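First the structure, which I've put down as structure tokens, then a few questions once you've had a look.
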Amino acid sequence: MAKLIKKRSKKAGLPPGTLVHIGEKRAGEIKITLIDYDEVNFQEREIKMVEECFPFREKPTITWINVEGVHRVEVVGRLGHCFGLHPLVLEDILNTDQRPKMEIYGDYIYIVLKMLYGGINHPIEGEQVSLILGSNFVVSFQEGKEGDVFNPLRERIRSGKGLIRKMGSDHLAYSLIDTIVDNYFLILENLGEKIEILEEELMVHPTTETLQEIQRFKNEMIFLRRVVWPLREVVSGLGRKESSLIKETTEIYLRDVYDHTIQVMDTIEVYREMLSGMLDIYLSSVSNRLNSVMKVLTIIATIFMPLTFIAGIYGMNFKYMPELEWRWGYPAVWLIVVIIGILMLIYFKRKKWL
Amino acid sequence: MAKLIKKRSKKAGLPPGTLVHIGEKRAGEIKITLIDYDEVNFQEREIKMVEECFPFREKPTITWINVEGVHRVEVVGRLGHCFGLHPLVLEDILNTDQRPKMEIYGDYIYIVLKMLYGGINHPIEGEQVSLILGSNFVVSFQEGKEGDVFNPLRERIRSGKGLIRKMGSDHLAYSLIDTIVDNYFLILENLGEKIEILEEELMVHPTTETLQEIQRFKNEMIFLRRVVWPLREVVSGLGRKESSLIKETTEIYLRDVYDHTIQVMDTIEVYREMLSGMLDIYLSSVSNRLNSVMKVLTIIATIFMPLTFIAGIYGMNFKYMPELEWRWGYPAVWLIVVIIGILMLIYFKRKKWL
Amino acid sequence: MAKLIKKRSKKAGLPPGTLVHIGEKRAGEIKITLIDYDEVNFQEREIKMVEECFPFREKPTITWINVEGVHRVEVVGRLGHCFGLHPLVLEDILNTDQRPKMEIYGDYIYIVLKMLYGGINHPIEGEQVSLILGSNFVVSFQEGKEGDVFNPLRERIRSGKGLIRKMGSDHLAYSLIDTIVDNYFLILENLGEKIEILEEELMVHPTTETLQEIQRFKNEMIFLRRVVWPLREVVSGLGRKESSLIKETTEIYLRDVYDHTIQVMDTIEVYREMLSGMLDIYLSSVSNRLNSVMKVLTIIATIFMPLTFIAGIYGMNFKYMPELEWRWGYPAVWLIVVIIGILMLIYFKRKKWL
Amino acid sequence: MAKLIKKRSKKAGLPPGTLVHIGEKRAGEIKITLIDYDEVNFQEREIKMVEECFPFREKPTITWINVEGVHRVEVVGRLGHCFGLHPLVLEDILNTDQRPKMEIYGDYIYIVLKMLYGGINHPIEGEQVSLILGSNFVVSFQEGKEGDVFNPLRERIRSGKGLIRKMGSDHLAYSLIDTIVDNYFLILENLGEKIEILEEELMVHPTTETLQEIQRFKNEMIFLRRVVWPLREVVSGLGRKESSLIKETTEIYLRDVYDHTIQVMDTIEVYREMLSGMLDIYLSSVSNRLNSVMKVLTIIATIFMPLTFIAGIYGMNFKYMPELEWRWGYPAVWLIVVIIGILMLIYFKRKKWL
Amino acid sequence: MAKLIKKRSKKAGLPPGTLVHIGEKRAGEIKITLIDYDEVNFQEREIKMVEECFPFREKPTITWINVEGVHRVEVVGRLGHCFGLHPLVLEDILNTDQRPKMEIYGDYIYIVLKMLYGGINHPIEGEQVSLILGSNFVVSFQEGKEGDVFNPLRERIRSGKGLIRKMGSDHLAYSLIDTIVDNYFLILENLGEKIEILEEELMVHPTTETLQEIQRFKNEMIFLRRVVWPLREVVSGLGRKESSLIKETTEIYLRDVYDHTIQVMDTIEVYREMLSGMLDIYLSSVSNRLNSVMKVLTIIATIFMPLTFIAGIYGMNFKYMPELEWRWGYPAVWLIVVIIGILMLIYFKRKKWL
């Protein structure tokens, strides 16, 4: 549950715009990398001092500054100051418990979304990514927990393949969002496989662990939906042309991301319904097993109780019990016992209990 | 579940517009057929080289190019290039995991929908159909898994019966969509019959398999709803006159398809509710059977436990037990046993357990 | 279920506008009656040849042509041709599996709704009624399965009572719709009474049949909702003044029908919720009975098992068992047995199991 | 259920506007009272002949005519004629099975709502109140089953306290609606207390009656929601300034009533959710009791079955059973019995069954 | 439940605008504090006589009057009179059972919201806060049950840190709302921790108390949702620029509060779904325990019933029972008993019951 709710309360009572880092405590430095390019030029370097970024603000080339780690409040603060960000934006960048959203400010757009991690054997985890899209720059802030999914994009910029070097900063921002959303499909496929395995397990041999697994996946779905649902609005908002920062050529690409987002939502809903169905099957399989346990008990009891009664009768010590003296009394009892047993078995066969 | 989620992740990280086939691996050639007609002329031929299609682009006659199989990326690419399709459209054609959608580009409309297959004894399967509607041509792309449902339409064009030869390319696109949607009714009828059989089975003799069948049908419904729900928007979008490619005469026909789509949705919802009801009945029939099992056990135990106790009493070896000496002791015990048994039976009769 | 889904598939592949009858196979003739009236004149006759209707198209008087039976495709076709109906409208009239809808064509409005039948002891059945409202005529098509509910309306026209003879064709169409909707209340009252009886049965002595009845009524509700829900849009659409065929004086009457439709919907929802509640009660009554069965078993077993054990102890054949020699051993055992029995009963009384 | 559905069917087939009383059959006279006031003058009298009301129509003072009982069709008819009401309005006044609604006619507004009754120990019952709001009069029709809730309002008018004598007829209509809605809070508080009692009962000692009570309250909620939900639209419709009969000063008051309606709805929803929760608790308490019953049975059986078996062994009559001859055989058996018993108890203690 | 519904009924029948305190009865004085500031000046004092506030109405500085306790009707009345509040507003301030809402009056805005309390070990409780926002003043009314959460804000004003002293009264109102909403996160975190503890408890050892706790938290969520849901509309309403009292600089801050409100709603929904999931787990764990109880019973019965029967057979007193004379009869019986026991255990092992 830790991932659903973060300790946001430490901000209660502080004035708005106060920069406080909310999220997992982390030590270590922040890593800042800068990529600057246009159709012909390209440079990439790691930044030690925030101030190195400042000249790029005015250059006409496209600059992508990637910040890994937002736990060093003053670094983020200086960067924000340089790019003229509103204090509330800085506050939101530092608060890693944001809902995906998009806000248009005069000369930049602020976008928050969630990058997802989670291999076959790990629970899904999210990391907040904030994007500042300006006319000729994009600043991206990550929490820096586990690296990122942007390497193929970096490679594409380096190599100059595809359109990216020919397009503006809005295309760069689009590419970042697209990369993050594409990664969701990977996460969903992994989940899908695990759910499929669970489904088979459910059919063959359901245990209490199966139930807990189903419940855990349902919680994962709640988490995912919470991450993806508002993203839809973000992407459709970007495509709605409310800011001149998004050029028309990019809109068609945003429509594509929008489709993907819908598809991700769709898949999440399908998984949710499947998990509900699996819960139903689990519950009824528990009832079914109870049924079969009780049948065994009933069959045994129904056969042996009358027989034991008969044996009890002839164990009585009455003085005058003529059967006891009979030559064939004992075999006769065995005969009765066998006949009763067989009749009972036929009866249960008829009732389809056997 | 395979049909719900496809391996889309192999695209993660690639630049947008990269042509990658997503879907079932298939070998073999792509089959391209071309039908060209106007009110008087008609020709139909199979295309070996994509380039044979190109002249038809400029001809005023209506041209329908049908591509079966989209796994040969370069063939689709060349066709797309010829008809001036946007790279993102080509990407979507190749990605057979699309949601039904409609996108209006300057001089063509791109439509995606799902053709459905599935006989009485097979699960329902979908195949993606992409349509490119231009002013005088329609290009249709199928996955080519199992043939298609367009033969009656082809026959109608060949014979020149009905309106189709007199109308434009928008009517041809409409006819393709209409044919696909009409086929949904067939699929639903088959499903309906199977659900009806299942319902009877449920009343007569519900087993764990019945439950699994119900669940399987519920999953089929999730799949169907996913296919049909967005179709509604597609068809209503086409009818909304946003593109000059759709003429006014065609709108009334699109309204008709729209009605059919609603009807299909409706039917799916009805089936879903029926299946939920069947699940309820199944669960309560399991409880009922448990009840009847327990009643048998309780009746047997309640009758024979007191009797066995009585037999046990007179099996004790006390020296001074006056009853044991009585002449009629043994018959008296039998009398008591029979009386107790009858009283119990009357009691259970009263309680309506028998 | 037959009534939920009809064999629509036989149309798959046919060109749009092809006239095919979809619905129950029926033999026999179609019965056509014609009523022609204005404030002073009135005539009513049965039509043998469709062509007899044609002159009335031009007459300024209001003409109501009622067609019972739509299985004779060519008769409907000729009528449609005379009144200038679009082929898709004719197709819809013949297809008795339509959803209620309303379509405005240039000089006529096409309305589809469902007439309902079903006495106290029959399941509810629907029959499709199509209305063509022109400036001075109304043509109504019924399936003709069981007569219709229009007789009081006919009587009103004949007698000239009320407003109807003074108003136009739109008022006649309104009156037909109103009659059909009013009839829904009758159906609902019958259903309501049956549900009430079922509820009492459920309290007194619930059986598996009760459950199946509840489920059957739930299915009836699904059917009814499917019939009534789209009707709301039809009626509100008519009242929205989109066609000059509906005069302003009629709007206030349509608002009244609209209110009735809402009321019918409301009632259906109430019944649905009540049936859900009844299902809950049924399920918990099954659990309760299981509980009471188990209590009987447990009480019997808990009392007699210790007693039988005691009897068993003194049935042992050890040489040295001092109790067996005691003078009061046997009565002592009986005393112990009675005391244990009484203590058990007190214990169960305390636990409120008795 | 009687209160949910009334015998509306007797109207089926009658022409619209036919005056038929639908509701509980009642005998006796209709009671009509008239209050006429402006800022200085005030008169109040009981009306014997409907015609006495007519002069007040033209007087500039505000006139409130209250009609208790709508079962005398001709009286309502004459009143309606005098105030120029549309036949459909009269029909609706007489039909006590209306949904709350508001209809604007040229020079008057027709409002229907439900007055609620129901003490601590009675089920909630509704009575239809129809209001006709004209420029200088309000006519209110009640069913007259149990008196009304308007007495405090009458007193306020008589005494001239508050604003009411200074405001127009729209304020009077508002005051009537406000009084009715305020009364809902009283009803809800009573219900709330009863639900609270039920909740406690559920925790302490749930019985089948508890379940039936929960279900009964759920049905009450269905009834209440049906009454209140459409009221929201009525009040917001009145406040939307669509008629000049509602002055601007009254709008702020209507907003207040609107808030109250929302609050009532809210409370009903809260109760519904609480009742659902109680149902869950009930069902699981039934399961829990079954569990504890079964534990008792299992403990008893598990302890005494092995013991009885041991006693049975030494009750066998084999000639060569060395234990039977042992001096300490019998005490040894008792020792074994006690040890087994104690071990079993420890085992059940460990399993937390005791 | 007390907190869900308050005794509002005592107002039924009173004229609108009558000042009646609705809420918990409280004795003692009302505490009024006044803070008056602009960028340079600052004063803070406690008010004894309401009249002391009046001069500040006209001063250009920003004045914040905080009233703790609304149970002294006449004090609130005099304050309201001074600031020209509408009687309905005063009525709403005194009625502590309001739903959060916002109403724009000519020269002031009236806002109602709920401050929440509740430590780790107390249920959540709400206290109504009413804000009157004028052009240069804010009057806040609290119920004064437990102090408030405004102290950090007061400190900020005193110290002059942050923007607050430079901004207008709208920023002050925003700060109050923001403080209240920030506090919700604290409440939710506490709740979240408690739910987490409950979830663990559920896995380890679920009891009836666990169920009641789950139900209690569900009710808390109903309460919270009721408080937060309408708040969304309040905040978005304030940001919609409908009044000139809200300056443009404040809108960006309101957007921030709006985001927080959405986040709170989101979290509540997540908790609700988790609690539903926990209920499912609880119910199935009850079934599972029943299953395991029944297995123990069945295993014991299935093993010992046949054995007891065998012992019973050789306890019979027939004269001619050859086995009884055998030298190895007794050991043979023991052998058979052990073999049967072992076979049964193997059988249950196979069935995975052990």
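Letters are used for the chains, namely A, B, C, D and E, taken in the order the chains are written, and counting of residues starts over at 1 for each.
The definition used in the following text is that contacts are C-beta pairs under 8 Å (C-beta built on N, C-alpha and C of every residue); 3 or more make two chains touch, one makes a residue touch a chain.
These numbers were taken from a predicted model, which means no experiment stands behind them.
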| item | value |
| --- | --- |
| Chains contacting each of subunit C and subunit E, listed by label | D |
| Rounded Å distance between subunit C and subunit D, as computed from the means of their C-alpha atoms | 26 |
| Whole-Å gap separating subunit A and subunit D, where each centre is the average of the chain's CA atoms | 43 |
| Contacts with two or more other chains, residues of subunit B listed in rising order | 283, 287, 290, 294, 297, 301, 305, 308, 312, 315-317, 321 |
| Pairwise touch network: line, ring, star, complete, or other | ring |
| Circular arrangement of chains, read from subunit A onward through subunit E | A, E, D, C, B |
| Sites on subunit C touched by subunit B in the complex | 1, 4-5, 7-9, 11-18, 86, 88, 92, 97-99, 101, 103, 205, 208, 211-212, 215, 218-219, 222, 226, 279, 282-283, 286-287, 289-290, 293-294, 296-297, 300-301, 304-305, 307-308, 311-312, 314-317, 321, 323-330, 333, 337 |
| Parts of subunit A lying in touch with subunit B, wherever the complex brings them together | 149, 151-153, 156, 161-164, 175, 178-179, 182-183, 185-186, 188-189, 192, 195-196, 199, 203, 252-253, 255-256, 259, 262-263, 266-267, 270, 273-274, 277, 280-281, 283-285, 287-288, 290-291, 294-295, 297-298, 301-302, 305-306, 308-309, 312-313, 315-321, 352-353 |
